[in-house]
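Here the structure is laid out as structure tokens; the discussion comes afterwards.
Chain lettering (A, B, C and D) follows the sequence in which the chains are written, and residue indices restart at 1 in each chain.
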Amino acid sequence: MNSFSEEVTLEGHIIDSWTLPRAFDTIMDMGGSFEVREMQVGRAKDEVSFARLKVQATTEKKLESILVALQSFGAVLASRDDVAYLPAPADGVLPTDFYSTTHLPTQVRLNGRWVNVKNTEMDLVIIISPAFSEAQMMPSAAVCKGELVVVGHEGIRILPPQRSREREVFSFMASNVSPEHPKRLVIEEIAKQMREIRSRGGKILIVAGPAIVHSGAGHHLAKMIREGYVQVLFGGNAIATHDVESVLYGTSLGVCLDNGRPVEGGHRNHMAAINTIRAVGSLREAVEQGVIREGIMYECIKNNVELVLAGSVRDDGPMPDVITDTAKAQVRMRSALVGVEMVLMIATMLHSIATGNMLKASVKVVAVDINPAVVTKLADRGTFQALGLVTDAELFVRELASAIAMGDKHEAQELAEVEKL
Amino acid sequence: MNSFSEEVTLEGHIIDSWTLPRAFDTIMDMGGSFEVREMQVGRAKDEVSFARLKVQATTEKKLESILVALQSFGAVLASRDDVAYLPAPADGVLPTDFYSTTHLPTQVRLNGRWVNVKNTEMDLVIIISPAFSEAQMMPSAAVCKGELVVVGHEGIRILPPQRSREREVFSFMASNVSPEHPKRLVIEEIAKQMREIRSRGGKILIVAGPAIVHSGAGHHLAKMIREGYVQVLFGGNAIATHDVESVLYGTSLGVCLDNGRPVEGGHRNHMAAINTIRAVGSLREAVEQGVIREGIMYECIKNNVELVLAGSVRDDGPMPDVITDTAKAQVRMRSALVGVEMVLMIATMLHSIATGNMLKASVKVVAVDINPAVVTKLADRGTFQALGLVTDAELFVRELASAIAMGDKHEAQELAEVEKL
Amino acid sequence: MNSFSEEVTLEGHIIDSWTLPRAFDTIMDMGGSFEVREMQVGRAKDEVSFARLKVQATTEKKLESILVALQSFGAVLASRDDVAYLPAPADGVLPTDFYSTTHLPTQVRLNGRWVNVKNTEMDLVIIISPAFSEAQMMPSAAVCKGELVVVGHEGIRILPPQRSREREVFSFMASNVSPEHPKRLVIEEIAKQMREIRSRGGKILIVAGPAIVHSGAGHHLAKMIREGYVQVLFGGNAIATHDVESVLYGTSLGVCLDNGRPVEGGHRNHMAAINTIRAVGSLREAVEQGVIREGIMYECIKNNVELVLAGSVRDDGPMPDVITDTAKAQVRMRSALVGVEMVLMIATMLHSIATGNMLKASVKVVAVDINPAVVTKLADRGTFQALGLVTDAELFVRELASAIAMGDKHEAQELAEVEKL
Amino acid sequence: MNSFSEEVTLEGHIIDSWTLPRAFDTIMDMGGSFEVREMQVGRAKDEVSFARLKVQATTEKKLESILVALQSFGAVLASRDDVAYLPAPADGVLPTDFYSTTHLPTQVRLNGRWVNVKNTEMDLVIIISPAFSEAQMMPSAAVCKGELVVVGHEGIRILPPQRSREREVFSFMASNVSPEHPKRLVIEEIAKQMREIRSRGGKILIVAGPAIVHSGAGHHLAKMIREGYVQVLFGGNAIATHDVESVLYGTSLGVCLDNGRPVEGGHRNHMAAINTIRAVGSLREAVEQGVIREGIMYECIKNNVELVLAGSVRDDGPMPDVITDTAKAQVRMRSALVGVEMVLMIATMLHSIATGNMLKASVKVVAVDINPAVVTKLADRGTFQALGLVTDAELFVRELASAIAMGDKHEAQELAEVEKL
């Protein structure tokens, strides 16, 4: 009955990384069957395992789709052909059978050798240059007529992450930290990792929602930026506007940040904040002319943080620094993401999803929101080191700032003691 | 057409307390009409207003139900009859036309005089003693055969709260503090009011959910109890069990509170905690024999906090101190509520609703939960000084403890300075 | 102490529309005081009332801000000066003291006469043409250098809505229909009103989220469009992509709509759907060439529904019909909104907020989402006829389609009976 | 270093049931290590696999706790001792080292033979009768002094479920049906399974929250009961009260179910409903005397549905049929659960959690709530066939009733056709 078959091999920590049982699952779920032809189980935890399976299906099409699925677990087909490709028929238009990427490291077989594909992002396509044995991922909209786009599934190899042997805070993977669990320890761990990244010159991105300012936690974030814990900041028109409003008028959407009460006529303040910046031309000009002298935007500009403000259709104004064309904003975000090791997404769904879509699987992601549905959505985007915190943005930012300060103090004490010796 | 009519009067701050427009609304909503016969508007803010309305309706029944509705705004019928009453036909059974109470101060007219009704709680009935000109509210289940139960609507007067002229944190009434608003200021205000109540020997009740322990904030609450900020504590089997488990094993539902990770076999710990207390007989015995030496339960017992643990159908065990009969638990809760000025409901819906049902309108309520639907449900139970906080229980309890400690420190400094002089 | 004062008058159903008590509230909240100089209360429900107040405050600034606040209740200053205006200093830049609009009908006093301001939308500015005694609202970004922008608060009159005497489904205003209340009746009422609007040639707008397609309810919406119940449709890249994916492949984000299970490799389908449309150039071309022959997009194009797809930074692709520049999308949306009487916002927060920001207060809004926080946010944007439904988008669309079909059937039967006679 | 070791064996579909990788995970997570001594992988999907592992740890305590954990995956220790037991020191008090059960089928080794333990429920203890080679699970509170309670972990064997080879609707296990997925198909599948259970005389339990009545869907549930689709119904005071109120007065908590508007004075109706039933003595009396002639309670009584109304501390009244002692209510619920194959939990967290705690792993559970957090909590209680639906209770009950009716119609048609032949 299962007249079509193919052999595939899997190698690595395929049992303790759950690769093998997931492969078995997948084959059965998709209506195929398998035989284990060869199996060597690593006896100790530092020995790799190896499996050779005969995969069977009733139709060639079904077999094909099973093989595609197994590919994403790192399965390699016995038949090792080169990758196939076709020219793009028009700008931004792909050959019908284009290959759509995952967010995992990928290789293509070119001229008989496995070549690393540059960039890693989900739902892109792979463009190759056979002459130079080079390949890179690219958004479909950026593909020009005639560029060579990978098609089919032959000659493509995905390198899935091996399971980390050490348990750490980010291995909560896909299981969020609910409001009922202790978060203090988790926040301290995040602070510790941020310190490490900063000390080795790594890059941390914060995707910041307006609630940070609105809830009165803006100055904590500003301090973190000033002290070098943020290298890239993504946001929208709202966070910039709220931040400038709070600096100029002490309000956020007309609510006084000192006493939490609406200021009469204060609803107009955010429009006035936008107008003030429009009048000087840009946030950078406003900083340089001394129009704003503190706040999140001020610190970003003073400390050369890469700032991308992406517009949305619900924006008032907007601020002159906001990129209203979302396609252009994506280009800027992609470029700013190069080298980012850790992303904190705080109280903004739109910009966080946009960012999550662009991340490769190895980036550490912390998603913070009071709405569990948002946290689940963000933490489920498939990175392997996502940590979702269902909690209050204001209190989270305060706690994080305080955990960082505590760490800085310890470090200073240690240094002082070293100098004494 | 409107052939049935009656005159009512309203007096007090009836315009700025929104009483008059709500009365107009109600009449029209219920299909009646009205004429303003007399109206004196207080010219300045300390002058009361007065209105005399002729209320009309097409049927006597409709007129009657409008008058009942107006009564809850403090309207008084021109015709001042005595209150009517009938004997209860059996234990826990009421005369058909029984009057169901509100949570507002109420008077009944007995022997031609207005008499205050003792106790104030929603959905109870009024029992009267004509001989002694006394009246009190009582749950229907507690009414004995033959007791005189108020029926109909004649001779009953409700005293609605007059609008507070000063704006304060509790005047957020019915509009919750969303996660997007600054909560630090609100928490400081709550701490300040708790200090005031403590210093004048008032009573504060905390309705405590198990997430307080589970999230690692239990020791903050224990400290607040030790320092005299809690006079009454309501909870269920879970908070007691989690608290004892955390004291005995360092875990909560098997999750280690020091590192946030599940302890293998730890799931058994909560059953073992219950068994330990069952073996000594009660929480008090456990404290006295030194079985538990810290924690929320320990502090409650050591500091003579009135502790009511009300059972629920989902309980394991339960702890021997848990009152498994919910009717008996209600009796205990009602008795413990006497004199309570402020209630903090933290991360527990069941016990908070139960408590909310028993509160008179003048008690200050703070409802804290990460789920906005729960906060709305709690803050909407009709007290006039409810404040809903959509936030994280762990971080809220920490912040509150820290705001209280800050206040204590200030006080100590002031005292020290006074002594120096 | 209150040395600054001004007289204002209020007229209309100011007591039963709650205008007067809200005015009293506002004055006291803002630290002012007042005297009621004159007061005539309408005796019956069709008689208007009139009040003349002396408003007092300790500083001129405070008095000014109180008067501004009263203006939004329809208060008119005794001193009736003309509106003030200044030229815009640069394109998209306003004079500092610009007046920010509400979403209520507004008049300005020009050359001694009250002139209606064209367009009505919150947070815009008013541009005037003194020569022609004309005024219109405009987004600040659209203001050109030299255009005359209204400043200050003199000579501006807002016409607040008078309370509707009849209770109707939309008077739930600001109090949402919780999941615990019966929704069947509400949905039938919405269907009835949609039928009425359709029969008189009015315009209905649906702001449609991708969950409509994803949950399998797309064909119900398509049917409603085909039968003329939708004149304008707003959405984003996702609903267009999901709709085309479902038409071409029977899946939505790779999930089979016939059995609810993920199709292996199906994750690629949405990219393929986008590529297919990019290859033919546009959705319209795809319809005309027969590439898509059913679905929401198909029906919109076939039935000349005004379709605005506004891009966002999280979009894949996008579809060629998506307007990636959000500023341009706003212009298109504003223009499509002219004449719209009713808006259904279904399962999309971003586009719904964007739409809500542009609506004048008199438009009927139905906001449907399973997340109560979203519904509250949408229904609270200040229209006076907002109805929030916390419910399931799939089941809501099905029920609505079925309620409409039921109504159509009744109408057909009635017509048939009429013809028989 | 790892000086303590033990051999365990695992047998069955241990790879495709994910047992083996979970065992590996657990050993490493708990700080142990392992060697695979022997491994036979079933070649085809109907062949079982076998593994023999040497488990190592640095301390005996650690090794012990790893072995306990492996036990829950079905691992069997090489050393096959009998189960150990100790007498209970007092009524309701356990020996310190008591064994706490899982909700999986369990065997104990008594007199050298594996004996099935009667009943299956989480967090109970095992009582044995060595003389008769019998064992049963029992709540700790029910244990009498001197009864023999299993202690330690020797001689206990858990039989974990083997993974179902066929994919079905209930295999969504732990991954809920989000509001964005098509629910119609899922609801049809539930209806189909209910029909099957009914036709073979099986038992279906509905745990019913008051929102079913409050939202106007009560008559759909009543119909399902009347037609034999419900054998057991669990609820609280609220559903009984709302149901009787709706039957007697047409309202639910004072809201008219015909037009969704509050009835003035209607707030009193639920107290009057309770009083009416208290006056006749019980719901059964009310049915027999014709006081109530329809509704959920009526149908339960008329159709001999096992009805357990468990009280809670927030109850008004309560109804005379409500069991106010929660410990007694648990006993009644446990007894009613015998033989139940499927549970629908609709819009009630308290009673659903209580029920979930008592279920063995093989019962099918459908958890329906509009709050995703509640659904997750219910569907995560560890049954292996849980299906969580984040949706509207009213619309769910309507759809389910309609799907059942559709099925009944098809069946009738088929029968009619058969008869014709």
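Heads up, the rule we're going with is that contacts are C-beta pairs under 8 Å (C-beta built on N, C-alpha and C of every residue); 3 or more make two chains touch, one makes a residue touch a chain.
Predicted model only: the values in this text are computed from it and were never measured.
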What's the chain with its C-alpha centre farthest out from subunit C? D
Contact-richer chain pair [A-B vs B-D]: B-D
Where the CA atoms of subunit B average out and where those of subunit C average out, how many Å apart are those spots? 39
Which integer distance in Å separates the CA centroid of subunit A from that of subunit B? 46
Distance from subunit D to subunit B - Cα centre to Cα centre, in angstrom: 34
Among the residues of subunit A, which ones contact at least 2 other chains? 29, 167, 373
Make each chain a node and each touching pair an edge, then name the shape: line, ring, star, complete, other. complete
Spell out the part of subunit A that touches subunit C in their complex, as residue ranges. 26, 29-30, 65-66, 68-69, 89-90, 92-94, 96, 98, 100, 123, 140-141, 264-265, 267-268, 271-272, 274-275, 278-279, 310-318, 324-330, 333, 349-351, 353-354, 357, 371, 373
For the complex, which residues does subunit C have touching subunit D? 167, 177, 179-186, 210-211, 214-217, 255, 257-261, 347, 370, 390-396, 398-399
Inside the complex, what are the residues of subunit B that reach subunit C? 15-16, 18, 20-21, 24-25, 28-29, 33-36, 39, 41-45, 165, 167, 372-373, 376
